[in-house]
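Chains: A, B, C and D, in written order; residue numbering restarts at 1 for each.
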Amino acid sequence: MIIVMKPGSTENDIKGVSRLLESHGLGVHISKGVERTIIGVIGDKRQLDGIPVELMPGVEKLVPIMESYKLASRTFKPEPSIIEVNGVKIGGRRLVMMAGPCAVESHDQIMEIAFAVKKAGAQFLRGGAYKPRTSPYSFQGLEEEGLKLLKEARDATGLLVISEVTCERAVEAADKYVDMFQIGARNAQNFQLLREVGRSRKPVLFKRGPSTTVEEWLNAAEYIMSEGNYNVVLCERGIRTFETSTRFTLDISAVPVVKSLSHLPIMVDPSHAAGKAQYVAPLSKAAIAAGADGLIIEVHPNPRCALSDAAQQLTPDAFDSLCGEIRKIAEIIGREF
Amino acid sequence: MIIVMKPGSTENDIKGVSRLLESHGLGVHISKGVERTIIGVIGDKRQLDGIPVELMPGVEKLVPIMESYKLASRTFKPEPSIIEVNGVKIGGRRLVMMAGPCAVESHDQIMEIAFAVKKAGAQFLRGGAYKPRTSPYSFQGLEEEGLKLLKEARDATGLLVISEVTCERAVEAADKYVDMFQIGARNAQNFQLLREVGRSRKPVLFKRGPSTTVEEWLNAAEYIMSEGNYNVVLCERGIRTFETSTRFTLDISAVPVVKSLSHLPIMVDPSHAAGKAQYVAPLSKAAIAAGADGLIIEVHPNPRCALSDAAQQLTPDAFDSLCGEIRKIAEIIGREF
Amino acid sequence: MIIVMKPGSTENDIKGVSRLLESHGLGVHISKGVERTIIGVIGDKRQLDGIPVELMPGVEKLVPIMESYKLASRTFKPEPSIIEVNGVKIGGRRLVMMAGPCAVESHDQIMEIAFAVKKAGAQFLRGGAYKPRTSPYSFQGLEEEGLKLLKEARDATGLLVISEVTCERAVEAADKYVDMFQIGARNAQNFQLLREVGRSRKPVLFKRGPSTTVEEWLNAAEYIMSEGNYNVVLCERGIRTFETSTRFTLDISAVPVVKSLSHLPIMVDPSHAAGKAQYVAPLSKAAIAAGADGLIIEVHPNPRCALSDAAQQLTPDAFDSLCGEIRKIAEIIGREF
Amino acid sequence: MIIVMKPGSTENDIKGVSRLLESHGLGVHISKGVERTIIGVIGDKRQLDGIPVELMPGVEKLVPIMESYKLASRTFKPEPSIIEVNGVKIGGRRLVMMAGPCAVESHDQIMEIAFAVKKAGAQFLRGGAYKPRTSPYSFQGLEEEGLKLLKEARDATGLLVISEVTCERAVEAADKYVDMFQIGARNAQNFQLLREVGRSRKPVLFKRGPSTTVEEWLNAAEYIMSEGNYNVVLCERGIRTFETSTRFTLDISAVPVVKSLSHLPIMVDPSHAAGKAQYVAPLSKAAIAAGADGLIIEVHPNPRCALSDAAQQLTPDAFDSLCGEIRKIAEIIGREF
């Protein structure tokens, strides 16, 4: 943390700030420049939480130097983390593919899709049981009944299953049926929910919020980790921008940025970012080429009959063909799938 | 809803779409243009939910014509709503002022500030008991203890009290102590929480999310209203943009836009939008001049000692002086305060 | 400028950076923290231009402390500037109103509107002669013929005139006819054009670009000022965000932010920000209440027949009524109009 | 174009709109829905330019159905265009690589880099002679002298050369030396300049503006094409968003979106998008995997000594290694390099 003093700040102002910092156990380095004095704060910035240094006389602004998250940072853990989910490793050499319908709709639908995505190479079956929808008049999911259907598909195929949890009640229910929790974009800063899954030890796929910066995202991941659950996999799914030709704007740069700031694995969700099935394949290939550890893709046996997000779901055939392309790119860049 | 067909779509494509719509009880009007055919859908668009018309052969895109929210819209209720909260009306001629600290910190702090904001003219005392903070290492609020302190200040001053609820547990606790719930920006699309306060009949101050459009915001309000709680007051508090000189960008246009699309009252929170106390007064005056029904402002007896958001809290004196200015602008524009 | 070294940086790295800075005449202050070393640079940051310190071994990042513009900053000139345009002062106690059609269309149109806006209280007549339009198939303006018509209206009414210049040729032509140049949002970083008007001494109304930060805007103003033309008036006209209910999002906070960072006057253009006539009055009142030094508003005798931007132009009656409201707000906040 | 009437619009309102449209040679289709009447406009929407239908009594809003650009659209020309630049084809099976320093600095610098990028596989040498820089105090380029040095490097290596033009004078000068003009992001809506290069027949690499939508970008390309120059290659280089860990946010989706809306080739500039050399390789690979027709990358023999944008330039070795990776990905996706 650096404290920049105003051009006309006095010796007394500088002393005042220094004493305040020292009284909180922090060291101080003062640099007098041509136009301004700058005070470097030495020690753990978190001790400054609740000390409004910016309101001291003569202070112009504070400039943070270090990130405010710790457990999620590369500084804390320099080597990349590999998160193991009941036998499948995320973040290692092998790419991970999660696929399935936007929403679980029926026994037949989920069985058909489960066998299809397994055959194409997916390790995880995804499917929404608790669906946060923009309008309350849209289909909201089968809830626990949906989770049971996912479990049946798991038992029949050997695929691992992942499903979104949106509240405490959903966490409790899903805990019995799924291998991995998913936190969706709309709950990216629902800190109560993050603490809730943090108290579990079940792995969490944690999506970025549409208006959270990478730094805020890592801070939010810290809510899960600071409760003791280190099994966090990040997932970029598009941010909100002025561009309207896609539903969100996939921030492909977030892949290498997260890799440089954090040790956590990062996956990409091209389906929600694009909002249109025709863009899913190019974005998937781009994500893998940029270094993502895997993909989560919406696949529906008959997209025309899907009860939600029909436009962005791939057919099983299109998904199978995409997996073939991903397999070839994986080899080129030193991964496998 | 308008369905735009692709340039080369056939008669069969057009018939296919028409039949699909008709089988769902919807009427169809076909317009053949020079380059494209357009199909107008007649009837309630909500019957199309779950019908992926965009995947039918020959369809290029769907263009929504009507808003997807109903209870919150001016079309549904043309005259403005006035929400009454235990004797104070929001949305009428009289402006409403809510003020208080970011977080409730102690008995003395909240009592001191309550008497100060009452004297300046506020009708509501605000104070956070459950604080969603970006970092898990920041002060998270006194929880139920904070709510009790608010209630004491209410009893002592006669002010109404409002506090943020962040989860089911907080809703249950706050129900006993506060006159009005507040839903914060981070929970703007936490639909479980919205339904929860919708099942109550206690009024709700519902803040816009930093990346929700006005349309999405009104759809989210619909989650509260469709559960039967029509006592919703909207609150603009800044959206996320590329500009960094303020914490968020106050979308002042949202005031007249909401007034034209919805019958619900709208207030403005200049403190969180600006993030800096020095900008709170100009933004407050702008909000009232633009037609807002009231303000919610952070005030702290001693901002330098505040445990959260110190930089954006006004002193009681600065707040008193701002209320004087607001009073004069109110008269000019046909309101009172 | 602060240089943050990487966690594992060595003594040699630190010496290397220090020597580089010292060899460019800059002073160095080294602060060794618990986790990182920080190097404060003492002297004029502009001497670092072209020295890629961030590529030196051991350097993590640079943190700028001071703004990079000089002539436009409050640090350089603490008291507010008043720009005088042939007898009318912008930035003083008196508010300035510029009004007129989006585009000059004909002699009768501009005469009618000139007399109407003068009667309502405007000091400036605005009107586009060179129109940058999104599509090349839209009306592009009367060019020099339009400037001549503006001059005739000036002579007939005594109003000052302002018109947008979009290229060197337009600057040369407009120089003969207008009292003030306008640089539009699309040319906000057309540095050749900025230098061109900088070489003149004629006052310039300089609009913010839809994606320029306040800091970039002040840096761009510096292009005009560094050529010797200090007669710059800034104009906020909306930034591009994800919200689509208005054409752009008026960044009302930019008014107090610019006032705190710069000595230059700032006006507001509510017409282009809103894109809809119905929102112009509330945004105008908000701008004045927030401290703007004036407004530039589109007015057309018969908006239904306007050749461009019809939806956002006020009728003369609506403008007259708005001027009445602005007059009353001006008094309340210690200005006059 | 669809015209949506207000809920309470009358028969007279509907007739009024119909007559207005018919008087301009447009056809009309009226659909009366349960709540609203919708009027479909049949004929060329461009005939509506200058007719403010939205101000007619009873009209609520207009909904555009067709894109407003023509020459740049897939509807106009369904098959992809291949732009030939003195023997090199852009948009065909073979990927195109443009590389070189941000700015031309000296004879030795440009010669060294030219031979290096040619050896790695580039077909074009890039180098800025006219540099638009955020601050007027930064290095602004060698201007015509820089163009001459590029030409010398061209003659020595056989590489084609491309350089940015920022004004009429630069276009005239560059016309003698370069094989292809580049229009930079800051001039993305400088329509005078676009017309200027449109009057030439020399190919143009046309970068997207940081806040232009894909639709506005294609409309801007139309300015070049409507002057007769069809040799336009688009270039995505990042848009402005709230994320600050990269300089801009590379909109990777723009690659498939442009491919679906337009027949023009599209390249990607990862250097300006990222702003940091360490992210250039992952973004380059992503761009090619997403279907881009080529890349333009900043390479400098000694980035530490570069006079501008040092942080984002690759060393020749890093560039050579990246070309090797691109070559392998190209084969996988059915291209070559």
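Here is the rule we use: a residue touches a chain if its C-beta (ideal position, glycine included) is under 8 Å from a C-beta of that chain, and two chains touch if they have at least 3 such contacts.
As the structure is a prediction and not an experimental result, all values here were calculated from the model.
The minimum number of touch steps separating subunit A from subunit D is 1.
Two chain pairs, C-D and A-C, are weighed by contacting C-beta pairs, with C-D ahead.
Farthest chain from subunit B, judged by C-alpha centroids: D. Averaged C-alpha coordinates put the centre of subunit B at 31 Å from the centre of subunit C.
Taking each chain's centre as the mean of its C-alpha atoms, subunit C lies 26 Å from subunit D. Subunit A and subunit C have centres, each the mean of its CA atoms, that are 38 Å apart. Shared contact sites, meaning residues of subunit C that touch two or more other chains, fall at 211, 240-242, 244. Here subunit C touches subunit B in the complex through residues 211, 213-215, 239, 241-246, 249-257, 260-261, 273-274, 278-279, 282-283, 285-291, 325, 328-329, 332-333, going by the rule given at the top. Listed in rising order, the residues of subunit C touching subunit A in the complex are 2, 4, 7, 27, 29, 31-36, 38, 40-44, 63, 65-66, 75, 240-242, 244. Interface residues of subunit B, counted against subunit A in their complex, comprise 46, 49-50, 52, 54-56, 68-70, 132-139, 166-170, 186-187, 189-193, 195, 209-211, 216, 219-220, 222-223, 226, 240, 303-308, 310-311.
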